[in-house]
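To start, the structure itself, in structure tokens.
We call the chains A, B and C, going by the order they appear; numbering starts again at 1 in every chain.
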Amino acid sequence: MPRKRELTFWEQIYIPEIIRGVWLTSAHFFRNLFLHTVHRFGLFKDLPAAVTFQYPEQPRPLEPRFRSRHRLTVREEGTPRCVGCMLCETVCPAKCITIVAGEHPDPNVEKYPVRFDIDLGVCVYCGYCVEACPEDAIRMDTDILDIAAYSRDAMKLDIHELMDPKLRKPVAECQLKFPHQCAIHGNQIEGSWESVYGSHPRESEDRDSRFRGNDKVVE
Amino acid sequence: MPTLTIDGKQITVDPGTTVIQAAESMGIFVPRYCYHPGLSIAGNCRICLVEIEKAPKLQIACNTPVADGMVVRTNGQKVEQGRQSVLEFLLINHPLDCPVCDQSGECDLQNFYMQYGLYDPRFKEQKVKKTKAVPLGPTVMLDAERCILCSRCVRFTDEITKTGELGIFNRGDQSEIGLYPGKELNNKYSGNVVDVCPVGALTDRDFRFKARVWYLSSSPSVCNGCSQGCNIDIHYVTDRPHLAGGARVMRVKPRYNAEVNQWWICDEGRYGYHFIDQGRLRKVTHRGVETTWEKALMELAGALGRVKEENRQGQIGVIPSAQLTTEELFLIRKLFVDSLGISQCDARVPEKPGTSDDFLIKADKNPNTAGAVSAGLAGSSFDTPAVRPEPFGKLRAGFVEGRRPATQDERCTAAQIIDRCLAGQINVLWVFGHDLVKLFGEQTVKKLSQELELFVFQGSNENGSSRYAHWVLPSAVYAEKDGAFTNCHGLAQKFTKAFEPLKDSRADSQILTELFERLAAVGPEQAVHPSTGPAPDLIGGSG
Amino acid sequence: MTGVDLLIKLALAAIVFFGVLNLAGLHTWVERKQSAIMQDRIGANRASIFGIRLFGLFHPLADAVKMFVKEDFIPAGANRFLHTLAPFLSVFFALAAFAGIPFGDRLMIGGRVIDLQVAKIDVALLYIFAMLSLGVYGVILAGYASRNNYAFLGALRASAQMISYEIALGISIVGVVMIFGTLDLQELVRAQGATLFGIIPKWGIVVQPVAFFIFLTAAMAETKRVPFDLPEGESEIIGYFVEYSGMKFGMFFLTDFVETVMVACLATTLFFGGWQIPYLLPDGFHFPWGAVLPVNPLAVVLLGIGSFSLKVLAFCWLFMTIRWTLPRFRYDQLMHLGWKILFPISIANVLVTGLVLALLHPGGW
């Protein structure tokens, strides 16, 4: 492919080409100016004068594959579906995921995240965590884009915001019952499995059937 | 002497050798689950199938003795197909637990499946459910579903510890590993069943969910738990401080050394690493007030220099520790005994002998008593811990002959030093690592603290001494420094630094060298490379 | 000159000053909005007062507030006096040039004749060119006083460019001057009120079309705006005012727009009949087919002012359209265009004009 194309004489004298360019831009100018004006009077509303989205008021429709803020999918009883395998933490190229795993009372689940933080200030939104997850426990489908905050700390999501995308900082009250580590309790592990399952599931006879039913992801 | 051909290469081995051993000696690795060089041969996993010419079927390499003129192929389509089929059988009832399994990443099922696996599985039926996450004892967790019934753990408890807690129960696909009734897997070597387990059936309760194995870095080292000096690998993580509450060392694994510990290590050594990250001294303090190394070293060097000028060497007592490396002990000797002329410097403390057995656990819980003796800091012989019979045959002899004789006068022990402190004869005391409260009682140490002119504690962890000492100098633990330990059999073993010292702590050798520099009595080069050091063959050893 | 005359002059100056500065200020809004509309966008519209946005008209206001409250930074080691003087020089010469622009016919009120031109100068054209040429001093001083190599190089580029194009600019109007025979802009405009062959208005563009294009090109280069914005290069290369902030930067910014307006005024005056409206004579319209529509003389003057303003605005729009249509020239292309194309053509234009004039008026004029 030739890198440089020789200009024709017509192009070399500039003026016609300049007029052509000015013609194009002016055509857009007058068409849009006309449309803007008649839109004021409610006419030709179906002909757009600008492709602009007035962002905060008029959010742009997102593609289905769009990677937005993360969330952790939740089991029916309100515990994260995550089994704390740390594959997302491993695959994360930005190293923005922090997981501390704990013992789940159900031996068929075995492991769950006591702590699950994502530092959005570091995240590159590559979506590898979603790809790596063997449990469909992390998704990037909240359609939340406005993660801007006044401090770096406010961009660190912990398990509360990740499990409930509607929650925004500052999270004042901890609604999670299972043992977990969060800033609200001064980064101590608080909560109990009894408050989630009643009696300890290890002692429950039909624990297998009981947990098998809980694999459905709560949307 | 049979000569056979393995993968086109000829080898001559002793009669009675198995094919897998012969292959191993040539550097050819044959996959194995049930075969373990330290255990008897079971031959039940069938993964080590090799092709032997003139044999009608594939043969297992682990239990086929070599014969003259044998032609073995450890690879090829037939062998790979055989292994693929074996893996398909092994995985029929193996759950897809890899994400939550602690073994994942160092699991032989995973490793061999990557190589020989049938990636399009044919098994569609229900898997057999078995018990999961059952504690077998204080150290080991069983997941019966993941077990491939190789029986390594059963043979370990039968043959190595001879405690026989484990067995295989039930029949067919219901077979599972379990404890005999009324038993618990709580012998002193129980952690080794986790190491021998090729899959994630037996996992370590101490390491459970702490980290994924691919986060771990490994550094070869020597256990400091007792004078046996077992070879270990320190598995640590330094870039993920959220794991295990900020600890760096995640676990300790035995490292094969035929002369010291073979494949094994005791539980005491395996789980005794927590002091590396917990209860560490992080700051230089003077009477409870944080200060800097610069100030501390200036003042201490000044104090020692004054003592030398005023010829008050008799008023100084130094208690080194047999937990230090040979190099550091030598520096202590060089600084305090040879340079300052202090005679009251001895590492012998009145410790009660710990538990011991005739396998790996030694009563002397210091890793380097022999090193202290060779530096002339622990009398002229091993007095408390006796030299144990050698468990694994040939050991380096001639240690006693090679040792330096004690210099000058016969020195007093630590107990005598403390007595002289209490009597007012000694008013400067320098202690390395020892917990004086444990050894001599709280009242005594309190009194020492009040009456001594200078009381320096140089150690890695908080203990009774660090509470009462005037100066606390934080030093590095063995995992944070280079050096050598000489074990109770006289074998000097080098080890290297796994990671940097915590916070402000420094290696004892660095502290002592800097003291040397400030004292300007002996140049640092002379201190680090002494012409009259321990015999070079003592440092070396099997690193 | 009586006190009343002085008052009238002051009033005229105030009117011109008010008009020009507002037009320049409005240019920032036009710049944003026009580019947006040309590019199918909406443009800046978020600045609001009590929720009233008014098509983004508050943005120039917000800009002004921002400029005034921003830190006025003078780099360490810079010449503080010259650094401060440069933007004032720049904007002063640009504004002073307007004194020579006639924006309407002479007005008769109460027997007093008021020329709608701030300074009635015989050589107003030379005066304006002198002022425009002096503007380069502000630029050079800015680059020189900033103690910044990039600023200095930017200033060198700017002065080289301005000098190259001023020559073509100056020569391009020689033809106009030759035809109308005057340097007094008011007379020049009045002369354009005549018609050629009785129907075509004798505007500059009709008699000097080549000169017009040369003038337009050179004048745009003179204003240092795209496609001739190499001295500033605000998007990637660094220009002479890199070390300026706050209102001092704002003055340079304003100078550009004032010069744009200036060039629009000159183009109108020289080539588009200034305040002339075709066939409108002081007593009314005299159409070529003979019809006459009498108009009040005062209304004629007001129509003239309107005509002038409209033409100026049209030129402003044209400049803006070109600015948002063409990409920037490379520096060698810029110099090539100035010295090797515009300069020879303008010389040739003068020669041809002279020849034609000599043929039409063999006895001289």
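Methods note: a contact is a pair of C-beta atoms (placed from the backbone, for glycine too) under 8 Å apart; a residue touches a chain by one contact, two chains touch by 3 or more.
Predicted, not measured: the structure shown is a model, and the values here were computed from it.
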| item | value |
| --- | --- |
| Longest centre-to-centre distance from chain C, chain (CA-based) | B |
| Core chain by centroid distance, with centroids computed from Cα atoms only | A |
| Centre-to-centre distance between chain B and chain A (centres being mean Cα positions), rounded to whole Å | 46 |
| Chain A-chain C separation of Cα centroids, rounded to whole Å | 53 |
| Averaged-CA centre spacing for the pair chain C and chain B, given as whole angstrom | 87 |
| Interfacial residue positions of chain A with respect to chain C in the complex | 15, 18, 21-22, 24-26, 28-29, 32-33, 36, 49-52, 54 |
| In the complex, chain A residues that touch chain B | 83-87, 90, 98-103, 107-111, 115, 134-135, 208 |
| Residue ranges of chain B touching chain A (in the complex, touch as defined) | 97-100, 129, 131-133, 208-209, 211-212, 214-215, 242-243 |
| In the complex with chain A, residue positions of chain C that touch it | 34, 36-42, 213, 318, 321-322, 324-326 |
